[in-house]
Structures are given as structure tokens and as C-alpha cells.
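Two complexes, one shared chain (chain A), two partners (chain B, chain C).
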Partner chain A sequence: MSVLQNILSTEFIYMWIRVATPILLAALGAMVCSKAGVVNLGLEGIMLISSLFGVLCSAVGGNLFWGFVGGVGSALVVSVIFAYFHLVLNANATLCGTAINTAATGLTIFVLQLATGEKGNSSSLHSFSFPNVEIPLIRDIPILGDILSGHNTLTYLALLMVLVCYLLMYKTPLGLRMRVVGENPHAASSVGQNVVKIRFIAIVLCGVLTGLGGMYLSMGYMDMFVRDMVAGRGFIALAACSMGQATPIGALVSSLVFAFFDGLSNVLQVLQLPSQFVQMLPYVATIVGLTIFSIQKSIRAKQKMNKIKAG
Partner chain B sequence: MAEALQMKNIVKVYSNGVMANKDVTLCVNEGEIHALSGENGAGKSTLMKILFGEEQATSGEIYVNGKKVNITSPQMAIGLGIGMVHQHFMLVPSLSVTENMIMGVEPKKGIFIDRKYARQQVEEIGKKYNLYIDPDKKISELTVGQKQKVEILKALFRGAKILILDEPTAVLTPQETAELFEELKHLKESGYTIIFISHKLNEIKELCDRITIIRRGVTMGVHNVADVSEEDISRLMVGRDVVQKIVKDPAHPGESLLRVKDVKIVDETGTVYVDGVSFSLREGEILGIAGVEGNGQSQLIDAITGMGHISAGSISLRDKDISGASVRKIRSMHIAHIPEDRMTTGVAASLSITENVIADKLSWKRFVRGGVLRRKEMRAYGQEMVDAYQILCKSQDVEIGSLSGGNIQKGVVARELSSEPLVIVANQPTRGVDVGASEFIRHQLIRARDQRKGVLLITSDLNEVLGLADSLIVMYEGKIVAYIQDVASMTESELGTYMLGIQKQSAAQIKEALHED
Partner chain C sequence: MKINSQKKINLLVDCVKMLMIVAIACALVSLIVFAVSDDPLNAIYNFFVGPFTTLRRVGNIVEAASPLMFTALAVVIIFGAGQFSMIAEGSFFIGTAGAMVVAITIGMPAGLHPIVAILFGGILGSIVALIPALLKMKWNVSELVVSLMLNYVVQFFVIYLVTYFFREMESSSLCSVLFQDTATLTTILEGTRIHTGVLLGVAACIVMWFLMYRTSFGTSLRITGDNALFAKYAGLKVSGIMVAAQAIAGFLAGIGGGAELLGMYTRFKWTATPGYGWTGIVVALLARRNPLMVPLSAAFIAYMNVGADIMARNSDVGREMVDIIQGVMMLLIAADALLQGWRQRMIIKAAKAEEEVSV
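Let's look at the complex of A and B:
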């Protein structure tokens, strides 16, 4: 009973949105890449690197602006390296992505130690975070105000990005070109489009979005960098992207689904279930969900067929 | 007359060392339809890709409207007013006609695509050139003929004045071809220059003004089409006389091999593709299936070969029911299948010729010992196939996708005919294959028949079906409308009346196709 009460509380829903933010940002990045026909497995690493450099640059620069520049900048650098190896040197995308993830773990700890002398977290640094925003009118609506207002700037930015990504992919020439390149690169090159260039842009855009997701972790969700703080969110974002069939709205919905179970696992800890079991839930739920979805689909197809045979 | 285009002494060596063009010269006049002919692998597509900037010539010069140019990208070629319709479609199936057309030259309103204007432009250009296609349809919903139109419109939309058409008719039905020719003639009258590639010599005679012939990467000469006969053209192409007429002994059909009974095929949306079709394929005969494309033939073939389902009825091989069986099961019962679309279901393009021809023979002891492949044996077999089927390639180890279109087709035919089949389902077996090689493939099919195998032949080439098939069924709107026991007595025009549904045989006559007594 208490679990249900917990879930229905405004705090839970507020937290749910908070947890969803980094997954959503990275999932949108993954969506842009996958539409353009690039599998970017390096999201996890990009998030980790940008979360560290955001913190470091804001501490060194002495304000949030430099933190923003550092976080997005580092994500861009890594993305450009990925794009160069994958697109120009024709290296396998899976390998490049895995390399980024592996390198990121070591690199962040190394740089963290150089900067702070510690290997665990950046609490000794005075770094800056993105502020929370109270939305004037909405804040005063009873329950809704508590849920929708007072989130981090990046959370609102993430929601805005869903719209921006939608417009980009479906309403602009660049989006059309990306979709063409993703589905049939020959069709694009045969009318004079530069496939490498378009994919490069997609990877860079993905880097920016993913970098924002990483920065949210260390400059919003928490206010310091902790080693390995991404904890699989990059991979969850990839899953959310494909579960959402690589569309912006789909990415939003599936990010929310993942985040819900993530939040639920927090609540369920009250029940004194083993924490490993609880942490498994989001993944099990996804698999079960997808299985039910496809079974239903095939049942419906069969029913239709039977109707036709009978008729 | 002004020369629209000149390509002089073009040499092209691919990075893998294949010399596709040794010395090719092509001059095209403004406002003419110029045919480019040559065997499979002669270097036609390569030459056109060079002109369109997709490949760079190793040496040679190109002049467009008298000016020397160096075309380094398709973008540049488009800028010079050159448009190309490729041998294999360059379309995005999940996008609409409009999106495919405007891609790269999108009309804009601010930073967004101006959809309304784009749609209107697409509609207008279609009407202007008599090539109307619904702008909102998805490419995947179009027929092959309509896709071809979209490809041509795509080029025109980008302002092409010189149109390259690389085997545009290979995938079209005779009706669609006739329609396309009308449209091309119309374009020619409006001042467009067209380069036309085809292996069908009668088409060249009908449509083109002049012809350039290439053999093994070297130009063999330019002729006025009116001055040369089809025999002359094929001799120049192949270097020997080609017998265009198909010669074979009368068939002596025996027992029934493949029996299709009351088959009905319906999809989830309720569309009926095949409606109560019954026939039987006997050993020692070539049974043709004629019909305008889209009258259920594809679905029927898919069902027979295990690639599609049936909703009612039965299909059996020597009294063993095979309806609904898997492709693997059906193949293991010795039914071979030369599929219609070689690029999607015929080959694995990035694998070698060897790997492609043994793909269905992995259970042969010769190639596997103790679960491990025997490379040496495989390669030797690959070489055998390349020699036997005259596949033009550097070696049996090259990617099959890098071969010319016709040679890829020969690879598919080689694999299927060498699989010790009982029944051969040949769907457009000579599509895109040159005259010499078509002759060869047809001979192989006749030989298989003489060895008491059954051949089910589906082709949109009327000459082929009339010349090769012993007996014939005609399909119209999912039903058999005629069964002709002796094809020799049939004329093309009579066949046409059945195909268009103008004439229909009696139920008793059609029932004979089943050979049930």
C-alpha cells in the first residue's frame, strides 16, 4: 500500500521527470544518429566525459558559462574524433563506440585525479550547476505546479529539444537528407549529396545532445562529478531510441518508461528486496513490454487473416 | 547538328585492377536518342558513371556542349545539365514521391521545407512531361514502372538536359515499356538528349537514332540505327553470330512433378492476389506463366518457393505437400529458384562469387568436412562455375556486387542450375542479360528440360515465353484465363488478348492445365 501511495505522490512524479532528463537527451542524440544510419555506441562515454569537463571548466572558469562551454565542447571533440575514424577512415562504428566508452572511464578518473588529487569525486572543487526554474503561473496550480515547476533548466531544455528534433527531422532540408542517407545512402549520393558530410553533422548534433545529458548528471541532478556516474544511462538511451522506433516522440515516451522503472526501483527499496533485483526491473520490464507488444501484433494479424478466410 | 556531348578515349581502371573501359569514345548529338550497347561487363554503366561524376576516368576527355569539362561529382554533372537513371533504383522506399524528388534541392520557406510548393512543383512537372505520379504516395506503394517514372522525373526536376537511362526497360512490362517510349519520344521532341542502354535490340531499333557499340571496353563504332539490322548489332557486340531464334526439340512431358491446386492468396488487408489457381508442371516440359505484371504471378511464385504464404488450396511436389513449408525444406526437395530481383533476393552482394554459388550447397560433403569449410574445394568449384557460365570477372574471389548487372544474374543462374534441381522456378531468368548470354541461359533451361526436369518460366519478354515455353498458362487478375498446350500454335497478338483479359477460355479448357484424369 505504501508503495502505491509513494508512486501516486507528486514527489514521485517530480523525481520521475528528473530521472528521465539525461536519458531523454541522450536518446534524442541516438535518434539523430540512427536516422542518418550511424550506430553510435559511444553515448555512454560521451556523457561521462562531458559530465566531468562541465564541472572542471565551470570550476576553473569561475562561472556556469565556462562549464557549459567545457561540457559541450568536450562532447563535440569526442564526437568529431568518432566521426573522423568512422566516416573518413572507415573504421567499424561498434569498435569506435566501444573504444570511446572504455577510454572515457579511464580518462575521466585520470583527469579527475590530476585536477583534484582524488579518484572518487570532485567535491573538493567549487563548481557550478544549472539553476532550477520556477515557472510563474504554473507554479501556483495546486498539484500540477509541484510536478511541472521547479525543474532544472536542462530538463526544460530537454523537453524543448523533443520539439526541435521533430522539426529538424521532418520539416527541414537537413532532416530530409539525413533520413535519406540513413535509409539509402546511394540515393543521396546519386543526386550529388555528400553522405559523409551529412553523417558528420548528425554525429556532431548527437554529441551536443548527449553532452547536455552528461552535464545534467554532474551539474543539475547532482552538483559534482562522481566516477562512473553515468552508470549505463548511455546504453539505456540507445535502447530507448530503438524502442521508440527512432522518432523524437518515441524517444520521449520510451525514456519516460525507462525512467519510471528506474524511479520505481528507488521506491521499492522500502520493501527490502535485494537491491540488485530492484535494479534489474527496468530491463525486465522493457523485455516483457516488447514481447507483449509483438505477440499482440501477431495475434491481431492472425485474427484479420481468419476473418478474411471466413468471409 | 550540334554535339551535346563528347567523351574521348576514356580509360577506366577500378581500384581492384579491373580495366572496365580501355578506349571508349562516345559522341552524342543534341536532341537525339543515342543507344549504347555491348555485352554484360563491356563497360557501359562504368562509362555513364564517369559522365555523371560518380567515378573518375583514369584518362580521357569529356566535352559538354563543346566545352571541355572535368566532372568530379554528381553535383557537378547535375550543374552541367546531366541526369542519370541508374540500372538499380536509387529511391528511398519509406519516403513519399515528393520527398524523393526534392531531396537535395528542397524549396524553402525560412529554414523549413516549403511542402505545399514542393508538392505543387512535383505535380506540375509530372503533368508537363506526361509522367504523372501522385506526389503523396510512398515509393514502396508504387509499381516498378511508376518508380522508373519517379527516377526520370527526379532527373528532369534537377534541370537535366542530357538524360542517361541505364537499362530502364529491364524491369518493365511490355505495356510499361511502350508507355515509357512514348514519353521518351515526347522528351526528344522537346529538345532533350537521351542516352539509352538496353540489351533488347528490338527496343533500340524502335526508339533510337544512332548506336554506339562497346566490346570489352573498346568502342566498336557508331551507326545510324536505320542502317543496321538486329543481327548486325549483336555480331558487333559479341563478335560472332548470335542465334536469336530459340531452337529446341518438341517436348515429351511425362508425369506431374509440381501440382498447384485451388490456390488462393489473400493478404491481411483483404487484397486477393491469387484466386483459385490450379495447374501442374510435368517432367520434361517448360511451362510458361504469361501475364501483365501484377496479376498474381509474384505471389504465386513466392508461395511455391516458400517465400510467401497461401490462404487456401495446396501445393505439392510428387504428391508430397509443400504448402507453407520453409524455403530450406523446399530447396532440400530440389526446387531451384531464380528470383526476380537479383539484388535483394538473388545474391549476398558483399560476398564473393564462390561464396554465393555454394551458399545452397553447404550440406555437400565436398565443401564441408567435420563442420569445417574446405576453402580449396570451394574455390575450385567457384572457378568451375565462372568458367561454365562465362561470368566475366577478375577471379572467383571478387565481391559479386562489383560485377556488372548481367554477370551478377549469371551468378544466380549458375547457383540454381547447379543445385541438382528437379523443378526450376525461373523468374525473369534473362533480365538484364546480353543477347549472347541470354542465348546461353535459355539453352541451359532447355537442356534441363531434356534431362526430364520441370521448368516453370515467368517472363515479361513475350518473345522469350513464346519461344522457350512448351505449354503456357496466362494469368489475369489472379486467375488463369487460358491454358495453351502447344505454344507453337500461338501468336503474340493472340497471347496479348488473353493477357489483357479481352478473351478467356472455357472452364473446361482451363482445367486441363491440372492434367488430372
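Let's look at the complex of A and C:
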């Protein structure tokens, strides 16, 4: 009973949204890339780098603005490197992504040590975080107010981004071009679309979104940088993106599902289950979810084939 | 034009590219050290020369190369089949757990014990690697995403095993009870910790080279990896080959885990996956995906890691620098277009020369 009570509490739902935010932002980035036909495994590294440089730049610059510039800027730089190697130098995207993740792990700890003299976290720096926002009117609604109001700026930005990404992908010429390039690059280039240019834009946009997700970790969820603080969220975002069939709404739903199991694992710890099994839960859920979606997809494809054969 | 001369040109260009990348890596090391260190010459000396100053340190290089050989072989075969499963990390870790279980619970004579333990680790590694492979074959689930998630599942499962069944209660940190004496691998060089697992790794490289380049399975594997559609139309059982490749890769990574555990440790001490699967990718790429080159490239990466450790101990530069270098190397090796223009010009030149001869 206590588990159920915990899940239905406003604190749980509030936490749920908090945990989902970084995954959602990165999953939206992965969605943009994936729509344009690029598998961006470097999300993990991009998040890590932007979470460190957001903190460092806000500490050096003395305000949040410079933190924002540093976080997004560093994510942009890494994304441009990824895009250049993948698109111009023909490097395999998965290998590029792995390379960026490898370099990012080392780079963040190396730079952190240079800046603070420590390898663990940036607690000695006076860095800035994004403020929480109380929404007037909604704040005063009894239960809903506690759940929906008082979240971090970036959480609201992430939700807004779902809408923005939807409009971008389905209501603008650029979105149409990205989808065409992802669907069939040869067809797109035969009608005069510059595949490299469009994918470049997609990777850079992905970088900005992912960078916001990384900054949320060190400048919202926590108020300092901790080594390896991304802890697989980039990979999870990639999984959330493919579980959501690479659509903005799908990314939102799958991020929420993943975050739910993550939150559940905190709640379940009262049950005396081995904690490792509980920690496993979100990852198992992702594999199972992805498999179910793929089975459905293959059944649908078969039905289509049968229809074509019959008709 | 003759296939032979094209092969020669490819080999030449690839070798020049690798040498160039190694040179860039060394230059980058020096650059970073000069930028951040107060005593750069000391740091550089420790990094480059340090690993060769004592026998023990040379031994460290060989020891560190051992697990990398196995994971790199796994990567060579998985990527060789055109699949992007990152399961080497998970297979390696479950392999260590399998070897641990046998090493602690089952009593056996000294010669046999480690063999059984390592084989058991290999089988578990293979089973884990089959999960993404079969899901991909059956329902086209992304093997990349499943393997990434599965690595975490394996990690938590192994830690669970150690915590609940094999934990040393007297130690404050998490580690297993001691292995039986019969289970550990023997040291082959006095004064170092170089163990028989290293020989196993080199042997595995030779066997895999034979499998990939001298058997019909290897040829099918390489055709499938180069162009799966072509292989399908040529009548090869493409999905079967891909699954078999991943099972073999999982087995290799698994025995690598077992050999590392029984060769280097007397109890299980990891609290998270050690990352050899990821480093294995750099090693595999540096070896140009050729199993015979894997020992050499593993030794080079191990040399850099050992150098970085020594440098971090004796100077003010952190060892994490080496991860940056390895990331950059990976990017450069993966960049197919690098030196491609030169390769193209040489091929054209060779073709023209042959034309003139035949006219």
C-alpha cells in the first residue's frame, strides 16, 4: 500500500517531471537528428561537456547569462566537430559518437581539475543555476499547483521545445527537408536538396537541445558539476527517441515512461528488494518497450505487404 | 587494373594514415602538457619514457593490453559483420562474474580450474551478446540501443551477485571472498604480473585471423559486413551470419573478462563496468580491424594508459588527458575521407601505367 501511496503523492509526480527533463531535452535532440537520418551516439558526451562548461562559464562570468552561453556554446562546438567528421570526412556516426563520449569523459575531468584542483566536483566554485518559476494562478490550484508549478526554467523550456520541435518538423519547409533527407537521401539530393547542409543543421540543433539537457543537470537538478554526472542519460535519451518512433510527442511520452521507472526505483527501495534489481528497472523497461514497439511495427509491415499482395 | 596493385596502394595509404594519427596523438600530448604543466619536460619524459624504465612497468603495459585484446577482437568481429552492438562491455563484465562464480564455488584441480572458469565466463558473454543480436534478427530492434541498455542491466546484475552471494563480510568496501588457489592463472614472467591470459589473448587473435581470412565463414562474414544486400542476393544466410558473429564476439569478450579476473586479481573488486569494451573500439580501429594487428594496437593503447598513470603520479598533469587523446585518435581513424584524395590519385596513376604497358 505504501508504495502506491508514494506514487500517487504530489512529491512523486513533481520528482517525476524533474527526472524526465534532461532526458526529454536530449531525446528531442536525438529526434531531430534521427529524423534527418543521423544516429547521434555523442549525446552522452555533449551533455557532459555542456554541463561542465555551463558551470565554469557562469562561475567565471559571474552570472547566469555567461553560463548559458558557455553551456550552449560548448555543445555547439562539439556538435560541429561531430558534424564535420561525419558529414565531410565520411566517418561513421556511431564511431564519431563513441569518440566524442570517450574524449568528453577525459576532457571534463581534466578541465575540472585545472579549474578547481579537484577531480570530483565543482563545489568550490561559485556557479549559478537556472531559477525555479512559480506560475501565478496555477500555483494556487490545490493539488495541480504543487505538481505543475515551481519547476526549473529549463523544465518549462523543455516542454515548450516539444511544441517547437513539432512545429519545426511538421509545419516548416526545413522540417520537411529534414524528414525527406532522413527518409531517402538519394531522392532528396536528386531533387536538388543539399543533404550535407540539412544534416549539418539537424546535428547543430540537436546539439543545442542536448546542451540544454546537460546544463539542466549541473545548473538545475543539482547546483554543481559532478564527474560523470550524465550517467548514461544520453544513451537513455537515444533509446527514448527510438522508443517514441522519433516523433516529438513520442519522445515526450517515452522520456516520461523512463523517468517513471526511475522514480519508481526510488520508491520501491522501501520494499526490501535488492537495490540492484530496482536500479535495473528503467533499462529493462526500455528494452522491453522498444521490443514491443518493434514487434508491432513488423506486424504492421507484414499486414501491409499482405494487402499489397492481395490487392 | 590488377587487384594486387590496388591492395598495395590501400595498404600503403592505410599505414601512412595510422602513422600520421600516432604522430598527431603524440604531438597533441606534448601540446596539452606544455599548455597546462609547470614542468612540461618532466611530464613528457614520464609519459613517453616512463613506461620503459623498469621491468615492472613494461609488465604493466602487457598486463593492460590483455583485456583490450579480447574486447577489441569482439569489436572487430561485430563491426566486421556490419553490426553496431556495443555489447563487448557487458559481455566482458558478465564474463568476469562467470569466472568468479566457478573460481569461488567449485573445487577442481589446478590446471583445469581456470580453464573451466574462463570458458563459463565466455559462455555467459556469448548469451548476453545474443540478446541484441536475436532481437535485431527477429524484429529489427536497434542492436545499438539494446546493447547500450543491456550493459547497464549486466552491470547491476553482476554487482547484485557479488553483494548478495559472494561478498567478503570483513571488508568495508564491496568485494568478493578470495578465489580458490587453484583458480588463479600462473604468472609467466618473474618480477611482473604478466599471466597466461596474455598468451590466450594472442592465441585468440591468431585464431580469429584464421577464422576471418581463411575459412568460408570468414569470407561470408566479410561480404555481409561490406554489403549486406549483396550478400543476401548472393544467397548467404545474412542474419544467421550476423547472429553467429555476435555470439563469437560475446564469447571472446567473456573469456577476456574471465582471464583478466583470474590473471590479475585474487578477488572480485569492480563496482562498475571497467570500460574495456569502449577502449576496445579504439584498439580495433587502430588495428584496421585486422585481428593480427590487434596485439600491437592493444599494446600501444596500453602504453599510453600506463604512461598517463606514471605521468599523473610524478607530475601535475592528470591522467584523464589520455582519454582526450584516444577520442581524437578515434575520430581521425574513423574519418574515411582522410587521405582519400591521395589514394584515388595513386590508383588512377597505377591504372594508367598498366594501360600504357598493355597498349
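As a convention for this text, the second predicted complex is superposed on the first by the 286 of 311 C-alpha atoms of A that agree within 3 Å, B and C clash if a C-alpha of one lies under 4 Å from a C-alpha of the other, contacts with A are read in each partner's own complex, and residues count from 1 in each chain.
Methods note: a residue touches a chain if its C-beta (ideal position, glycine included) is under 8 Å from a C-beta of that chain, and two chains touch if they have at least 3 such contacts.
As the structure is a computational prediction, the values presented were derived from the model and not from experiment.
Contacts of A:Tyr156 after superposition on the shared chain: neither chain B nor chain C is touched. When the two complexes are overlaid on their common chain A, residue A:Tyr166 makes contact with neither chain B nor chain C.
Contacts of A:Ile100 after superposition on the shared chain: chain C is touched, whereas chain B is not. Contacts of A:Phe12 after superposition: neither chain B nor chain C is touched.
Note on chain A: of its two partners chain C and chain B, the one contacting more of its residues is C. Residues 52-54, 73-78, 84, 86, 90-95, 99-100, 102-106, 108, 111-113, 154, 158, 266, 268, 270, 311-312 of chain B are the ones touching chain A in the complex.
Looking at the complex, you find that chain C touches chain A at residues 36, 84, 86, 135, 139-142, 144-146, 148-150, 152-153, 156-157, 159-160, 163-164, 278-279, 281-282, 285, 318, 320-328, 330-331, 334-338, 340.
Chain A contributes residues 39, 41, 81, 85, 88-92, 94-96, 98-107, 109-110, 113-114, 119, 232, 235-236, 238-239, 242, 274, 276-277, 279-280, 283-284, 286-287, 290-291, 294-295, 297-298 to its touches with chain C in the complex. Taken in their complex, chain A has these residues touching chain B: 167, 171-173, 176-177, 179-180, 183-184, 186-193, 301, 304-305, 308-309.
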